[in-house]
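In what comes next, chain A is part of two complexes: it sits with chain B in the first one and with chain C in the second one.
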Partner chain A sequence: MHNLNRRQFLQYSSAVGAAIGTGGFAGIANAQEVLKMGVVYVSPIAEIGWTKQHSLAVDAVKAELGDKVEITVIDNIFMPQDAERVFRELAASGNRLIFGTSFSHGTPLQKVAPRFPKVAFEHCSGIVHLPNLGTFEAKYYEGCYVAGAAGAHMSKTGKIGFIGGFPIPDIVGPANALLLGAQSVNPDITCNALFLNSWFDPGKEKEAANTLVSQGCDVICSMTDTATGVQVAGEKGAWSIGYASDMSKFGSGKQLTAFTLDWSSDYLRAAKGVLEGNWKPEVRWDGLAAGVVKMAPYNEAIPADVIAKLKQLEADIGSGKVHPYAGELKDQDGNVKVPAGAVLADADIRGMNWFVKGMIGKLS
Partner chain B sequence: MDLFLAIFTGTIVAATPLIFAALGELVVEKSGVLNLGIEGMMLMGAAFAFWAVISGLPMPVAIVIGALAGAAASLLFGVLALTFLTNQYAAGLALAIFGSGVSAFLGRNFGSTPIDALKPVHIPLLSDIPVLGPMLFRFDPLVYLAIVMFAVISWFLYRTKGGLVLRTIGESPETAHAIGYPVIKIRYMAVLFGGLMAGLAGAYLSVAYTPLWVENMTAGKGWIALALVVFATWRPLRVLLGAWLFGGMTILQLQGQALGLAVPSELLSALPYLATIVVLVIISRNRQILALHFPASLAKPFRPAS
Partner chain C sequence: MRFRIEQRTEPSASMRVAAPVVATVLTLLVGSAMFAVLGYDPLSTLQAFFIAPLNSMNGLSELLLKASPLILIGCGLAVGFRANVWNIGAEGQLIIGAIAACGVGLFYPDPESPLLLPLMVLAGACAGMLWAAIPAFLRARMNTNEILVTLMLTYIATLFLSWLVHGPWRDPAGFNYPQTALLPAAAMFEPFDYSYRLNPSIFITGVAVLVMWLFTDRSFLGYKMSVGGAAPLAARYAGFRESAAVWTGLLAGGAAAGIAGMAELSGPLGQLSPQISPGYGFAAIIVAFIGRLNAFGIVLGGLLMSLLFLGGETVQLTLGLSSSLTRVFQGILLFFLLAADFFIFYRIRLIPEHA
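On to the complex of A and B.
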């Protein structure tokens, strides 16, 4: 039994503080022990889509680390109030690394993380960082840009259609990139953008794809969590661009490509970090270069020389030679937002709430 | 012209699942029973029909299986609400949640397998008429079935003795019981019919409308169907018009968005709901007529005094 007076207590705590300060998260790590890791999915694991890609990353961790990790997966947690309870339970039951996989998991993670300072938290698509809460996100716009270029090569009508969930920067930005990529091939091409104002409504998504086709769009990119957009485009004889997973089996052979998400590197890095005791909260935002964004195999209908160009474009974006949001960028009304020679700052990319010139649609 | 055609045919197709589900619920409510579980029954129908298709069963069989799955789910509600006289609101909500859970469980095994959708009919001569052909005669068979069901239900409710008995039970089960009608049995039949129709609506979604399976793919259509019955003041023609109006506004707002109308998309997305409610409330504002069509014993449990 230690009886600490105030002075001793202060000494203790400063010593502990110094230890944490120098040792980083060494206190968390214990190389001999099995790493208990918890992952919370926002939706059920379907055959395709957002959560499927996360489950593939979890599989990659299992494959590489084997017995060293023990993974608990909890799926279909969308509402923040449910998520908070789940995160707290995971942290209290000895998990030392916990993943949240949806923007809606942000607030609960910010609440729970400070209560469990020895647990490492990772938040996919998060924006707030804490001493034990890191975030990771993909540069969707890089894949979108390449997909847009592919679309422009194949479009006959010069009109692309885009379907998104809500008009938020995470969706508006990629929509812009899609058009900019297309304009890099055909400067006159335009893009009609539709927002469902719902994260999940296959029926409405079908109607949206139908609408875009009826207005003359012959390439449809659907940045939603089902294959409906790809499916309807295929039925109607329009090209399609998939998101998150390769959706070619739904596209009647009309999926041009898909910008897929591979989070394996993020999950592995965090798991190894905690195992080795050098985990730090990071802000990771990777794209084609790191392989977090990957292009699905190109449709065979695309001429070989075009595919070669697209692959070159992937490489150039990866190396930084081409930046999807390089100036000169104008908004819908023709105001210059990024002058020639400059690129859009990262913070502005993540907060993009305006359409580039050539987008047809209205943001509030 | 192409645009008009797209809007017109899109409306008819989008309204079809709503017509099935809402007409089924109309019959249930006309018998004095409120089944809030449409969403659950639709999901059961969708999951079972999809399962039947990927198991290699022919399309018509799959659709029947979907409808039967909806009916089986409604039987659960019937037992709770009609035999055990539990609160109908609670039993209906339980069915909605139950159906969503069971369908999700079932759906785990077939993931997002692509299937061949129900094909549109090709009626010789009719389908080839210029303008009218593509407008009216190139839908899949279930679209026509929905219209036929509307005609049959309207005829049954208002032109047959069976319909009169059903409506009487909805007004005053005591009276019907006193003159010797088996109230509980008839209510069971109405509930089963409602389940059949909701199952059909679900099957339509998973094998024809968006031919794939995703959890909770009804995305609230069951609740919209429920609201349609109320706003249509329990009259079949208004249910039909309401479903078309809702479907039409959904398509129109998307067309408007894609054309770049200077209206925020959030507001346009709310339009189908607003328009449907406003129109149906306006045409149903006569309180006397409203009282005439409202089943007076709705959601009140009935125990035959024997």
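On to the complex of A and C.
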């Protein structure tokens, strides 16, 4: 299965490479005109969360490009049936750059993009690329690894709790990285993981967080689209780790840090590319080094020398000196998945569907 | 002076015609006031809501594409609703129908067979009926409340789908993401024109509307079911079996929802993922009631719901109106439509104080 994935990954990559090699994207070079740009959000813009971070990137485009862009935003589009109609509508009404911001937008984008070859499409968290469909994604696991190290420094029980929206690779991988980061500080630490099968279910998430705390976890990290995990942890006196946005104001002073997402560079690069006529469908996958993943300010309760270590860890991951998935990596049952001295291949990171040793919980 | 609400001796025929008109006028007034207060020009907002989505061939195609499952399921549900059989689990029956159809589409030995599509329709219908047969059996044999059973089975269907796409049916080439492989071309309805998305599954809905009309207005069983719904004691006295109504009502709803699931799968979706329906099974309940449980009323109800949805997107795209506001507006319209029905059966009388 992993070999197949790697092969697929290479196929996609080489297809994009070929597209770039054959002169890239020459369809839409017109510098005079205002760039009409459409963005489709998966949920309404809230105070924090996934869509909020995308809206901040859109604001960054507005701030930098001003009246050179005219941006149409439509929110709360999750279902593929609806997404396809909206993408088509945006493309037909003259938008030359269109963003999809959810994995569920992928199949619709793949259907619409070939029908509008002169429109540039960008898909956040996508896996399939076409001559006019590029993707961008964050290396969540880099931030998660640092957050895990912070958690291990502060945990007294040696147990971390993780709440995930769905058991998909985008979440399973970071959950593993959280524990691996923690184990880099304390090799005996474990992580209890629960999945909600929903991105937004504060009731269920509250229950999950309570369960984890009662199991003895004193650091809670929640990868959903709410601040509930951070909030419940704070109320129960446990440390918390925020995701997507800085959630410190929900955490009763107990948020250790958050691994936040900043897509500005991805949006700006695409918008400038289309404006200047040199947009290409890229496969962008950035983390701490490019600033797509950023650590929120560390909690003042963390000792200064630990904060210095964490900042050094950020820098080392950014420079490639430390790789979160460096061997030796074993799965839950103790089978060696990555031998010592090697690192997990990119395609295997993007398709990660197994838990590392020390994770407690099931993936189904 | 006091007001008193009185039941009419007979439903008012004139109010039956006037109620939707009154509801529309009230919606337009209240909606315009809301848009004006928020600083949007009421006329252009209403134009964007109700006219703009229909201005193009693509708009019409999208309107029908979205209305089709609502009408299909609404017709199936109304058969039961007329007999007081409350199937509110069409969403689950839709999901099971889509799963069965997808199973046929993915695993049928000959992926190019012209038989594939008809087999999938059959699989969808049978699976939907099977799912609805559980509450039917429990209600007919043990008098279990079908409202609860159908609703609970929706959650089971959702989780079953989730298990399939996270587990055994996951696309081996999909980076472990929870979705199945795309169906082969022969398992998909071919759009009438590749510029649009409307496909021949709309004919299935058309046939369903006709069958529903013939059944409710022209068949003896349909008549017996209506009597059972309106006057259960009279129906029992006349010797009409309640269990026949329960089975017919639930199986009709299940079959319609199952086919609708198949049509979504072989139409706009092309694959299964953890969530496949934007709530069609629940929205169809509203559609059935807007249509007053009448086949042609349901067609209008389905078109209206679909238009409200598309209009909501258009005002967001063209005027930047927030999606929450459009949902408030949709709520106002549905509220007035259903509330106006009150005046068909009741009237308000003014009573002088000294009388």
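Methods note: the second predicted complex is superposed on the first by the 339 of 364 C-alpha atoms of A that agree within 3 Å, B and C clash if a C-alpha of one lies under 4 Å from a C-alpha of the other, contacts with A are read in each partner's own complex, and residues count from 1 in each chain.
Please note the rule applied: a residue touches a chain if its C-beta (ideal position, glycine included) is under 8 Å from a C-beta of that chain, and two chains touch if they have at least 3 such contacts.
Fair warning: this is a prediction, and the values are worked out from it, not measured in the lab.
Asker: Is this a clash or a fit when chain B and chain C both end up on chain A?
Answerer: After superposition on chain A, chain B vs chain C: clash.
Asker: Between chain B (first) and chain C (second), which, if any, makes contact with A:Asn197: first, second, both or neither?
Answerer: Once the two structures are laid over each other on A, A:Asn197 reaches both partners.
Asker: Which partner does A:Lys337 reach: the first (chain B), the second (chain C), both, or neither?
Answerer: Neither: A:Lys337 stays clear of chain B and chain C.
Asker: Check the residue A:Ala227 against both partner chains and state whether it touches chain B (first), chain C (second), both, or neither.
Answerer: It touches chain B, and chain C stays clear.
Asker: Quick one: classify A:Arg88 as touching chain B (first), chain C (second), both or neither.
Answerer: After superposition on chain A, A:Arg88 lies in contact with chain C alone.
Asker: Looking at the overlay, what does A:Asn353 touch: chain B (first), chain C (second), both, or neither?
Answerer: Only chain C is touched by A:Asn353; chain B is not.
Asker: Tell me the contact category for A:Asp75 with respect to chain B and chain C: first, second, both or neither.
Answerer: So A:Asp75 only meets chain C here.
Asker: Touch check for A:Pro44: first (chain B), second (chain C), both, or neither?
Answerer: The answer is both, since A:Pro44 touches chain B and chain C.
Asker: Mind working out whether A:Arg284 is in touch with chain B, chain C, both or neither, as first, second, both or neither?
Answerer: neither
Asker: Of the two partner chains, chain B (first) and chain C (second), which one does A:Gln215 touch, if any: first, second, both, or neither?
Answerer: first
Asker: Please state which segment of chain B collides with chain C in the superposed model; the candidates are 9-17, 63-71, 81-89 or 207-215.
Answerer: The answer is stretch 81-89.
Asker: Hey, what residues of chain A end up touching chain B and chain C alike?
Answerer: Touching chain B and chain C on chain A: residues 44, 167, 197, 364.
Asker: What residues of chain C sit close enough to touch chain A in their complex?
Answerer: Interface residues on chain C, with respect to chain A: 58, 62, 66, 159, 162-163, 166-167, 172-179, 182, 194-195, 197, 264, 268-271, 273-278, 310, 313, 316-317, 320, 322-324.
Asker: Which residues of chain A touch chain C in their complex?
Answerer: So the residues of chain A touching chain C come out as 1, 4-5, 8-9, 44, 72-76, 78-82, 84-86, 88-90, 92-93, 103-104, 107, 111, 115, 127, 166-169, 197, 347, 350-353, 364.
Asker: In their complex, what parts of chain B are in touch with chain A?
Answerer: These residues of chain B touch chain A: 2-3, 5-7, 10, 14, 17, 104, 108, 111-114, 117, 205, 209-212, 214-217, 219-221, 250-251, 254-255, 257-267, 269.
Asker: Which residues of chain A touch chain B in the complex?
Answerer: It comes out as residues 43-44, 46-49, 161, 167, 192-198, 200-208, 210-215, 226-228, 231, 235, 249-250, 360-364.
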